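Chain nomenclature is as follows: A, B, C and D, assigned in order of appearance, with residue numbering initiated at 1 for each chain independently.
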Amino acid sequence: MRLTVPIALRWSDLDAYAHVNNARMLSLLEEARIQAFWRADDREAPLTDAVGATTAVLDARPGADTFSLIARQEVEYLLPIPYHRQPVEVELWIGHLGGASLDVCYEVYSPAGLEPRVLYTRAATTIVLTDAATGRPRRISPTERAAWEPYLGEPLRFRRR
Amino acid sequence: MRLTVPIALRWSDLDAYAHVNNARMLSLLEEARIQAFWRADDREAPLTDAVGATTAVLDARPGADTFSLIARQEVEYLLPIPYHRQPVEVELWIGHLGGASLDVCYEVYSPAGLEPRVLYTRAATTIVLTDAATGRPRRISPTERAAWEPYLGEPLRFRRR
Amino acid sequence: MRLTVPIALRWSDLDAYAHVNNARMLSLLEEARIQAFWRADDREAPLTDAVGATTAVLDARPGADTFSLIARQEVEYLLPIPYHRQPVEVELWIGHLGGASLDVCYEVYSPAGLEPRVLYTRAATTIVLTDAATGRPRRISPTERAAWEPYLGEPLRFRRR
Amino acid sequence: MRLTVPIALRWSDLDAYAHVNNARMLSLLEEARIQAFWRADDREAPLTDAVGATTAVLDARPGADTFSLIARQEVEYLLPIPYHRQPVEVELWIGHLGGASLDVCYEVYSPAGLEPRVLYTRAATTIVLTDAATGRPRRISPTERAAWEPYLGEPLRFRRR
C-alpha cells in the first residue's frame, strides 16, 4: 500500500533555470516523509490513509527522545518540474524495514487533476532511528512496526545505477 | 477586504532554534503574495475570495512581460513560530496602490482551528511592476487595478519604528 | 567604524528571475551578522577588524544561554544582484545599542575588486538578547558593550519610508 | 587528481537538530561543482588547481546555450555536520566522462586546519549537458574534455547500497 501526500511548491523552490532546484527536491521529500511518519502535535490532525489509519507514530520532533537521522539518499530526476500552484503528489512506501532503520521510497507526480499525470522524480532515503541522548541507533518499537508494515513494498529499482 | 491564504510550513523552515527562521518568513510571505496576485496557469485554479472573485491577474511568472521586483520590505516578528503540520494563515491586503507600484501588507496567524488564534508576524512589501524587456517600471493596468482595488485598506502601522 | 564581512553567494540563492531572491538576502545578512557578533568556537578564528579586535563576543549558538531573537527587519533593495563567484561585501555597524537590544545596520556591495563598486541593498535588524531558559530579554553584558561600542554609528536612513 | 573547493556554511543550513540539513548538503555540493566546472564571468577569477589550470570551462549559467541538468544523485551521510565558521572542504573528481554526461564524485571534510580531519559525506551526481534551445543532450566539447580529463578517477564506491 502507498501513502499519497500533497506537497505545496514555492516560487523559491525554483532556481535560475526556472525549475524546482535539485537540492530543494530533497526538502519536498523530507516534508512528505515527516507528514507521513512523524507524530502530530496533540492539537493537530495527522495524515491518515484511505482506511483512516495513520503511519504518523514516530516522535522525532525537536525535543523528543529520537532523532531520525538520514544515512543515505538516492534520487533520479526524470523530468524538470515547473512552478505549480497546486501541490505535487508524493507517493511513499517503505522499501525495507530493518531493526533500527527503514528505507522510504518516493515517486513524485504532477498535481492531482492535471492530465496527463507526469512522473517527475523517484527517490529513496535510509533513515536510522537514533537515541537523542546517546546518539546510538535505537530499535523500531512494536507500535511503529505495526503502523508501518502495511506500507512495506518492493524497493525502488533505479534505472541509471 | 482581506484575502486569507493558507501557507504550509516545512520542517526545513526551522532553524537551529527550532523556530521558523526570520529570513524564511519572507519566503512564506512571497508565496502568499504570489498565490494572491499572480495569474495562474490556464490549467490551474487561482485563489478566489469569499465572493468568488480573484486578485490573481498579474502575469509576472518567468518568461512573462513583467517582473514584479521587490523594492522594500519591513517585518515585525511578534512571536516565534514552531513547526505546525497545518498551514499558517496569511492575511493580505493592499496598503497603497500607486502608478507602477503597490504595497502589500500581511499578518501571519496560527493555523485555522487552533485556539487561541495567535498573531505571529506583521509585514509590508513594496513591489514595482517592471517591464521585463526594458527593466523600467510599467504602469498598473486597468484590469489589475480593478481586481485589486477592493483589497485596498489602511497601511500597516508598525510598532517599533 | 564599520566591519566588512565577505559573504559567498550560492547559485541556489538565485530565483527564477536569475537574481538573488529577496528573502534569501536576509540569510546573507544573517550570516554576516553571525560572523560579526557571535563568539567563535574555541578552535576557530573569529572575524577581526583592521586593528585586530573582535566584536564576536556574543554566545548565542544553539545550546548557549542566550538566544538572539529578531524583532524587526527593514530592507531596501536598490539593484538586483546577479550570481557572483567572488563574495559580496557586507558592511555592518550598530545603529542603536539599548539595554537588551541592538540595531544592526548593513550595506551590501559588489565583490571586492569589481569596478565600479555597486551598492545593492541597505537593511537594518533589531535583535533582542533573550535568556534561553526563561524566554525573557536579558541585559547586554559589559564585555559585549565594550566590544560593540566602537561600531556604534548613525542609524540608516531609509529612502522609501 | 582531485580539486579541493572551500564552501562556507551558513547558520541557515542548520535544521532544528542543529546539524546541516540533509537536503541543504546538496546545495553545498552544487556550489562546489559550479565553482569547479562553470566558466567564470570575464571579470572574475575562476578556481584553479595546484598547477594553475582551471576546470571551469562549462558555460551553463542562466542565458548560456547549455543547461547542466541533474539526472541522478546519491549521498551517504557519515556524520552530522555542526555549524563551522570556517568553510568545509569539498574534494571533487570525475568518476565517469561519457558522451554528453559526466559523474561528479565528492567527499566533504571538516574545515582546513581542524584536527583530526573528519569525512562527513560522500556523494555522486550525474550531470547531462543539455542544449538550452532544444532541451536535447549535447556532446561534451573537446575543450571541456581536455580540461576535465586530468580529474578522471575511480568512481566512488558507496558502502550502504
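In the analysis below, a contact is a pair of C-beta atoms (placed from the backbone, for glycine too) under 8 Å apart; a residue touches a chain by one contact, two chains touch by 3 or more.
What you see is a predicted model; the values in this text were computed from it and never measured.
Chemist: Using each chain's Cα centroid, which is most distant from the centroid of subunit D?
Modeler: Ranked by distance of C-alpha centres from subunit D, the top chain is B.
Chemist: So which one's got more C-beta contacts, A-C or A-D?
Modeler: A-D
Chemist: Could you grab the centroid distance between subunit C and subunit D? Build each centroid from C-alpha atoms only and quote it in angstrom.
Modeler: 28
Chemist: Distance-wise, how many Å sit between the C-alpha centres of subunit A and subunit D, to the nearest whole number?
Modeler: About 25 Å separates the centre of subunit A from that of subunit D.
Chemist: Averaged over CA atoms, how far is the centre of subunit A from the centre of subunit C? Could you give it in whole Å?
Modeler: Whole-Å distance between the two chain centres: 35.
Chemist: Using the touch definition from the top, which residues of subunit A touch two or more other chains?
Modeler: In subunit A, residues 11-12, 14, 16, 18, 21, 23-24, 27, 30, 61-62, 83 touch at least two other chains, as defined above.
Chemist: So in the complex, which bits of subunit C are touching subunit D?
Modeler: Against subunit D, the touching part of subunit C is residues 7-8, 10-12, 14, 18, 27, 30-31, 34-35, 40-41, 43-46, 61-63, 83-86, 111, 114.
Chemist: Can you check the complex and tell me which residues of subunit D touch subunit B?
Modeler: Touch list, subunit D to subunit B: 11-12, 14-18, 21, 23-24, 83.
Chemist: Please give the residue numbers of subunit B that touch subunit C in the complex, ascending.
Modeler: Checking each residue of subunit B against subunit C gives 16-17, 21-27, 29-30, 61-62, 67, 69-77, 80, 126, 158, 160.
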